[in-house]
Every structure is written in structure tokens, then in C-alpha cells.
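So, here's a batch of structures to check.
There are two complexes below, and they share chain A, which is joined by chain B in the first and by chain C in the second.
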Partner chain A sequence: MMKDCLIIGAGPAGLSAAISAAQNGVDVTVIDEFMKPGGRLLGQLHEEPDHVWWNGIEEAQKLFDEVLNQSIDLKLGTSVYHIEKANDNWLVHTNEGIYRGKTLLVAAGAAERSIPIPGWTLPGVMSIGAAQVMTNVHQVKPGHNGIVIGINVLSLAIARELQLAGVHLQGIVLPPEHLLTKGVSHPMDVFQSLLHLTHLAPSPLLKWGGLLAGKSAFIQRLSLQMYPKNGFKLWNISVQMKRVVTEIVGHEQVQGVKTADLTASGDIVPGSERTIPVDFVCIAGGLYPLVELVGVAGCPFKYIPSLGGHVPIHDERMKTPVDGLFVAGNITGIESAKVAKAQGHLAGLSISEALGKLTENAEIKRAIEHIEKTREKALIQFHPDIKKGRKHMETIAADFQKKEVSGQ
Partner chain B sequence: MREDMIICRCEEVTYKDIYQTVEHHQCSSRETKLRTRAGMGYCGGRTCRTFVDQIVAEVYGEPSGDAIPLKYRPPVRPIPFKTMGGK
Partner chain C sequence: MDAFRVTKHPVLKLKQNRKEIAFVFEDQPYKAYEEDTIASALLANGIRMLRRHEESGSPRGVYCNIGHCFECRVTARGEEGVRACLTPVEDGMVVSSGKQLPTPFKEGDQ
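Moving on to the complex of A and B:
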């Protein structure tokens, strides 16, 4: 059966798009691999600066309730393995058969970057996102006594969630320095990357770090030298910017990690090596846009590090240069779920417009403004240059359109 | 650093295998994939593709461009042979 619109991904972007499109009379099917709607919302739980808790499961339920109010088809547990275009329509191949649509929105979200560490293939080592899903979605503790390797926004947020679930953590530490950990393993690099997050931290130490953000390299170096080797406590979890895990050890499963202290310049302090017993290890290397399906669809990309890497070229209305192909959410750049929702809402309107079901331009304009406002108010910025990255993409998309028009 | 550290988990390709291949053949991510099988396993390179790209960028000097070095091809998820027309 031919649908007006197929949406891949039932997360905050995909569900919001389905709702706004359906409100304009678009006939929508949403497809998702997971058995529950909500995407990564399902794992989220954090306290906002105004002390209101953001409970992702409740947010997902709100979106799902709206979906139920509209006549939206939702296909869960359905995995897309290929998309192609035939006679101006999209064919979406899944393990449950082929779906057909006039327009296609890919809201596939992000995938996790890992960090190779000797011993990382042992059972009991998982990505930090996997630990989040086990804990908050399936409500199973990933272990009783763990350690997190990789210090970044994502690992701080999820470590806090693990702690709320009663999982004990030895701390959050650095990965070993090698070719594949450039920028995430040196104490100074990590220290600097955290300076833009200091508003999050209740800890006076990190706030004090925030005051150093604009200061000279000399002052920053000095403050890192004074940084305690056991780290500071963030929600009672020790963030150890001067401790490294050099190897994960165990017989058939994780039993411990080999750690060492680091000097401010990143050298191992002789004699500080020791083995800490743990029963699970989380590796946190950050997120990157999950672009496999738009890649298969032939969409051109732009490499923009502040957005998380390779992102599909798209204009400010979430439209790609491929006719009838739209994108929204983390596939366009790593940001919060609130931004993804706002982008999804806009994508639903753009799709309605493309199908001739919406002529009101003002509504689209408001939706674009709403994304910018949401970004402005976002608690967590995954990358300090996110706005520059977004602007860059707008310019690229405009140039691309000009070229298309002039037939180059 | 431990050179026997695994980079491609699906095909069990080590850091040393990949590094030496790129060094010896001065090759792209795609050629490295074909020579070592890194990125050709069950997960479709979802975990190791960025590592292969990083090693290539460092050793061969191919910087990150706008094109994705290891092209995505269907199927992007494992599917049974019968879906492809087998019995």
C-alpha cells in the first residue's frame, strides 16, 4: 500500500514528525527497530537547572499518546535493511516486508563511538549507552561495581543515571593514550573540553574551572596540576581526569582494570599502577550520526566535526538534495532530545508542504524559529561549536541548491 | 601500546594488522578493508569504521573528506539468505 510518508525511527524526531504531518492530513507509517516507541528518550533521566526532572519514559509516553490520537501506523520491531527509489516512490525494505511511500523521513538518530582498549572484547565491557538501556529501559543492573572509561557529557549524564539506579561506580577515568584516543586521553584536552560544561556542575571545583575557561594556557595548566588525583566528586561520583585505565583484565569475563595515575602533562606516574576489581566496564566515546540509510539512498554528505562527523546535506527545512528525502534529529548533528523533537515537528510540516497539504508558510517559519530557541535554551551542548556547525550546513545546502538550479 | 589489541571485533582484526597494512601498501580505508576484512563483519563496520579511517588518516595521510570513506551498502542489517532469494 502506498503511503504519503514513511518515517524511519520512532524517537523524539520521528514521532514528532509523524504527529505534525498527520495533523495536516498526511497518511504516515513510522517504522522502528525497537519494540517500544521513544528511541533514546527511553533511557533519559536527569534534573534540569530549575530542579524539574526530565523523565524520558514519560516524554516518550506523551508522544506515543499523541500518535495514538492520530491515525498513524506504527510498526515496531521492524528493522530496515535497505531503501531505494523506484518510479519516484520510496521502497523501504524491512524484515517484515517492503513499505512504499511518496516521501521518506530518516530519523535514525545516532550510534555510539567506542574506544579500543586492550581487553575491550571481554564480556562485561559495554558502551555507556548499552548500560543506560539495560538500566533504564530493561531495568536490569549492568553489574554491581563498575568503572566508566571516557570523560564527556554523555558519560557524566549516564553515570549519574547508573548511580540513581543504585549501581556502584569506581569513577570515571581516561582511556590510554594512543593513535585512536587523540583528543580524549590527555588530561589537558579533556579538562578543556569540560570547561564549557561547568554550568552543569554543582561541584565548586568544576565551577572554579569554569572561571578559567577564557584564561591563558599557563593558568589552565597550573590549575590542572592542582587537580586532585582522586578527582572531584560530581553527584558523589569521582571524575578522575588524572587517572587512566591501561587494560581491562579478566578470565572469560571482566574481573578488573589496570589503572595508573597521570601527571598534568599526561605521563604515567611511576609506581602508581594498580588493579581495581570491577564486574563491568562502560566505554564512552561519544555519539555520531547514524547515516547508513541516507548513505544507501545516495544522499551527499558534509564532514562537520561539531555536528558529530559526516552528516547528510539538508536545508533549514530538513530537506535533503535527494527528491522526497527528509532528515531530522541526531542524524543531522548530535544535540538534545528537545532539539530533535523541534526538528521532527518542522520535518513533518515540510513533508506536508511537499505533498501539497500545507500552504501556510508562517507555520514553517515558526517551527524553524522554535528549533533555534530550543537550542539556545539547551542544558547540554554536546559540542561548543554546534551553532557554527549548523550555520555551516545552511550555507552548504544553499550552495548545493544553486548548483542544482544552474545544472552544474 | 598493546599492538595485539583488536580493532574490528566481528572479524577479529588487530591494530597491528591494520596499521602494518596501511603502512606497507599506503592504502585507503576501502583498500584496507578489502585487505584485512576490518569492517566487513556482522555489524557492517558500525564500531570500527572510524578507527580504520583514523589509522588511514594518520599513516597514509588521507584526511577526512566529505565523502564517507567506507561506503554504506545494503543490507545495512544482517538478514537471512532466504530474504535474498535463497531457500
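Moving on to the complex of A and C:
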């Protein structure tokens, strides 16, 4: 059956797009391989500065209720593995057969970068997001006593979530230094990126922002030299910017990690090596847009580090240069779920417009402004230069359009 | 089957009164709850090793838990290469893990 619109991804972006498109009379099918709607929103649990909890499960339920209200067709447990265009229509190949649509929105979200550390394939080593989903979505603890490798906004937030669920953490430490960890394994780089986070959030970044901000001014004065070997405590979890995991050890599964202390310049302190027993390890290497599917659909990319890597070229209305192909959410750049939702809402309107079901430009303008406002207020910022990255993409998309028009 | 379950939480509503189900992994019987994935059901039972790497034989478990890495491949419902992290466990399901395969044609071997 031919649909007006197919949406890949039932995360905040895909669901919001489905809702705004359906509200304009667009006939939509949303496809997702996870067994529940909500995408990565499901695992999220943050305390906002006003002490209200951002509970991803509840937020996802709200979107799902609206999807049911609009009688939107939702296919869960369905994996997309190929996309093609035939006679101006999209064919989306899944393990449950082929879906057809006049327009296509790819809202596949983000994936986690891994950091290969000796021993990282042992059972019990997992990405930080895996631990989040296990704990908050399935309500199973990743282990009883673990350690987090990689210090960034996501690992700090999820470490707290693990602690809330009663999981003990030995701390959050650095990965060993090698080519792939450039910029995230040196104490000074990580130190500066954390200072950036506090600078970004004058209102406390998560709740610990205040603590971090207070501490960092102090630490800044005394310099990283004085940074305590055992780190500072964030909700009683020690953040150890001068400790590194050099190897994960265990027979058949994780039993411990070998750690060492670092000097402020990033060298291992001789004689500081020791083994800490743990039953699980989380690796936090950061997020990147999951773009394979839009690549298959023929969309051109641009590499913009502040957006998380290679992102599909798209204009401020979420339209790609490929006719009938739209993108929204983290596939366009790594940001919080609220921004993804706002982008999805806009994409749903743009799709309605493309199908001739929406002629009112004012609504689209408002949706664009709403994204900017949401970005401005976002509690979790994944990159300090996100706004510059977004502007950069806008100019690239505009240039692209000019070239197309002039036939270059 | 509850050794690893979250039993107390200050914010999240914990799932309660879920239907118990029985499944088999590597010929051993286990219990789980409805809504568990194969991966969460096994971890709740303290089982982390889902398979052995086809060539090296090294043990593997869940890595990303959201379908991206394919580290959690198992055989379930008679189907090979099923992602344990994306597949809901079902009552009576028989799950087995991947085995090390003989590699007669591996480069360098004669």
C-alpha cells in the first residue's frame, strides 16, 4: 500500500513528525526496530534545574498516546536494511517486507562511539547507553559494582542514573591514550571540556552543574596540578580526571580493571598501577549521527564535528537535496531529545507542505523559531559549538540549492 | 532470576505484577518476566556470555543494547543471528548461543 509518508525511527523526532504530519491529514507509517516507541528518549532520566525530573518513559508515553489518538500506523520490531527510489516513490526494505511511500523521513537518531581498550570484548563491557537502557528501560542492573571509562556529559548523566537504581560505581575515569582517544584521554583536554560544560549552563547543568561550577573555579585557580588523584565527588561518584584504565581483565567475563594514575601532563605515574575488582565496565566514547540509511537513499553529507561527525545536508526546514527525503533529530546533529522533538514537529509540517496539505507558512516559521528557543534552553548540550555547526549547515544547504538551480 | 533487577528507585515507577515466563538458554531452563528482552532476561539471571566469537572462540555479550553492534547475536525460534537486545523473550522460547566454527579455509591454513 502506498503511504503519503514513511518515517524511519520512532524516537522523539520520528514520533513528533508523525503527529504533526497526521494533524495535517498526511497518511503516515512509522517503522522502528525497537520493541517500544520512544527511541533513546526511553532511557533518559535527568533532574532539571527546577528539580522536576525529565522522565523519558513518561515523555515517550505522551508522544505514543498522541500517535494512538491520530491513528498513526506504527510498526515496531521492524528493521530497515535498505532504501531505494523507484518511479518517484520510496521503497523501504525491512525484515517484515517492503513499505512504499511518496515521501520519506529518516529519523534514525545516534549511535555510540566505542573506545577499543584491551579486554573490551569481554562480556560485561558495554557502552554507557547500554547500561542506561538496561537499567531504566528493562529495570535490570548492568552489574553490582562497575566503572565508567570516558568523562563527558552523557557518562556523567548516566552514572547518576545508575546510582539512583542502586548500582555501585568505582568512579568515572579516562580511557588510555591512543590515536582514537585523542582529545578525550588527556587530563587537560577533559578538564577543559568540563569547564566548557559549566560555562554553557549558567543555570546548573543537571544538578551537579552548580557543584562542578563551584569546584571548577577553584580548580581553575589552583590549576589541574592540584586536581586530587581520587577526583572530586559528584553525587558521591568520584570523577577521576587523573586516573586511566589501561586494561579490562577477566576470565570469560569482566572481573576487574587495571588502572594507573596520571600526571597533569598525561603521563602514567610509575608504581601507581593497580587492579580494581568490578563486575561490569561502561565505555563512554560519545555519540555520532546514525547516517547509513540516508547515505543509501542518495543524500550528500558534510563533516561538521560540532554536530557529531558526518551529517546529511539539509535546509532549515529539514529537507535534504534529494526530492522527497527529509531528516530530523540526532541524525542531523547530536542534541537533546527536546530539540529532536522540535525538529520532528517541523519535519512533519515540511512534509505536509511538500504533499500540498499545508499552505500556511507562518506555522513553519513558528516551528523553526521553536527549535532555536529549545536549543537555547537545553539542559544537556553535547557540543559547545552546536549553534555554529547549525549555521554552517544552513549555508551549505543554501549553496547547494543555488548550485542545483543554476545547474552546476 | 531477580539477582540483578532494580528493586528500589526514587524516581522511576518499577514494573510490578508482570507475568512470569519460562525459557531455555543453552539447554538450561530460566525464568523471566514479560517485556524482558532475551538479553535483559539472561542478565537478570546473571548470564553475560551470549555466544563465542565464530573464529577466535572468545566470549561475547551485550555491548550496545540497542541493536547497533550485533555483538549479542543468538539463535532463537530456530532463527540464527537474532539480536538478543532487540528480541522480546517469549514463554517457551528456546535460545542457543553461537559457537566457534571450524575455519578450514582461513588464510594461512593449508
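Please note the rule applied: the second predicted complex is superposed on the first by the 384 of 408 C-alpha atoms of A that agree within 3 Å, B and C clash if a C-alpha of one lies under 4 Å from a C-alpha of the other, contacts with A are read in each partner's own complex, and residues count from 1 in each chain.
Definition applied: a residue touches a chain if its C-beta (ideal position, glycine included) is under 8 Å from a C-beta of that chain, and two chains touch if they have at least 3 such contacts.
Only a predicted model underlies this, so the values are computations on that prediction, with no experimental measurement involved.
Undergrad: Let's test your reading of the overlay: on chain A, do chain B and chain C clash or fit side by side?
TA: Fit - chain B and chain C, as placed by superposing on chain A, sit side by side.
Undergrad: Looking at A:G295, would you say it contacts chain B, chain C, both, or neither? Reply first, second, both or neither.
TA: first
Undergrad: Taking CA centres after the superposition, what's the angle at chain A between the directions to chain B and chain C, given in steps of 10 degrees?
TA: 70
Undergrad: Taking the superposition on A as described, I'd like to know which of chain B and chain C A:A111 touches: first, second, both or neither.
TA: both
Undergrad: Just chain B (first), just chain C (second), both, or neither: which does A:L45 touch?
TA: Touch status of A:L45: second partner only.
Undergrad: Just to be sure I read the superposition right, which of the two partners does A:L122 touch: chain B = first, chain C = second, or both, or neither?
TA: Only chain C is touched by A:L122; chain B is not.
Undergrad: Go through the superposed model and pick first if A:E252 touches only chain B, second if only chain C, both, or neither.
TA: After superposition on chain A, A:E252 lies in contact with chain C alone.
Undergrad: If we overlay the two complexes on their shared chain A, which of chain B and chain C does A:I57 touch? Say first, second, both or neither.
TA: Second partner only, chain C.
Undergrad: Which holds for A:A130: it touches chain B only (first), chain C only (second), both, or neither?
TA: second
Undergrad: I want to verify one number: the closest Cα approach of chain B to chain C after the superposition, in Å.
TA: 5
Undergrad: Could you list which residues of chain A make contact with chain B in one structure and with chain C in the other?
TA: 79, 111, 114, 121
Undergrad: Please output the residues of chain C touching chain A within their complex, sorted ascending.
TA: 4-15, 35-37, 39-40, 43-44, 48-50, 53, 58-69, 71, 85-88
Undergrad: For chain B, which residues count as touching chain A in their complex?
TA: 1-2, 4-7, 9, 15, 44, 46-47, 50-51, 54-55, 58, 64-68, 71-77, 79, 83
Undergrad: Inside the complex, what are the residues of chain A that reach chain B?
TA: 79-82, 84, 93, 95, 111, 113-114, 116-118, 120-121, 176, 178-180, 182, 247, 288, 291-293, 295-296, 300-303, 309-310
Undergrad: Taking the touch rule as given, give the residues of chain A at its contact with chain C in the complex, in rising order.
TA: 33-35, 40, 45, 53, 55, 57, 77, 79, 111-112, 114, 121-127, 129-131, 133-136, 138-144, 164-166, 252-254, 290
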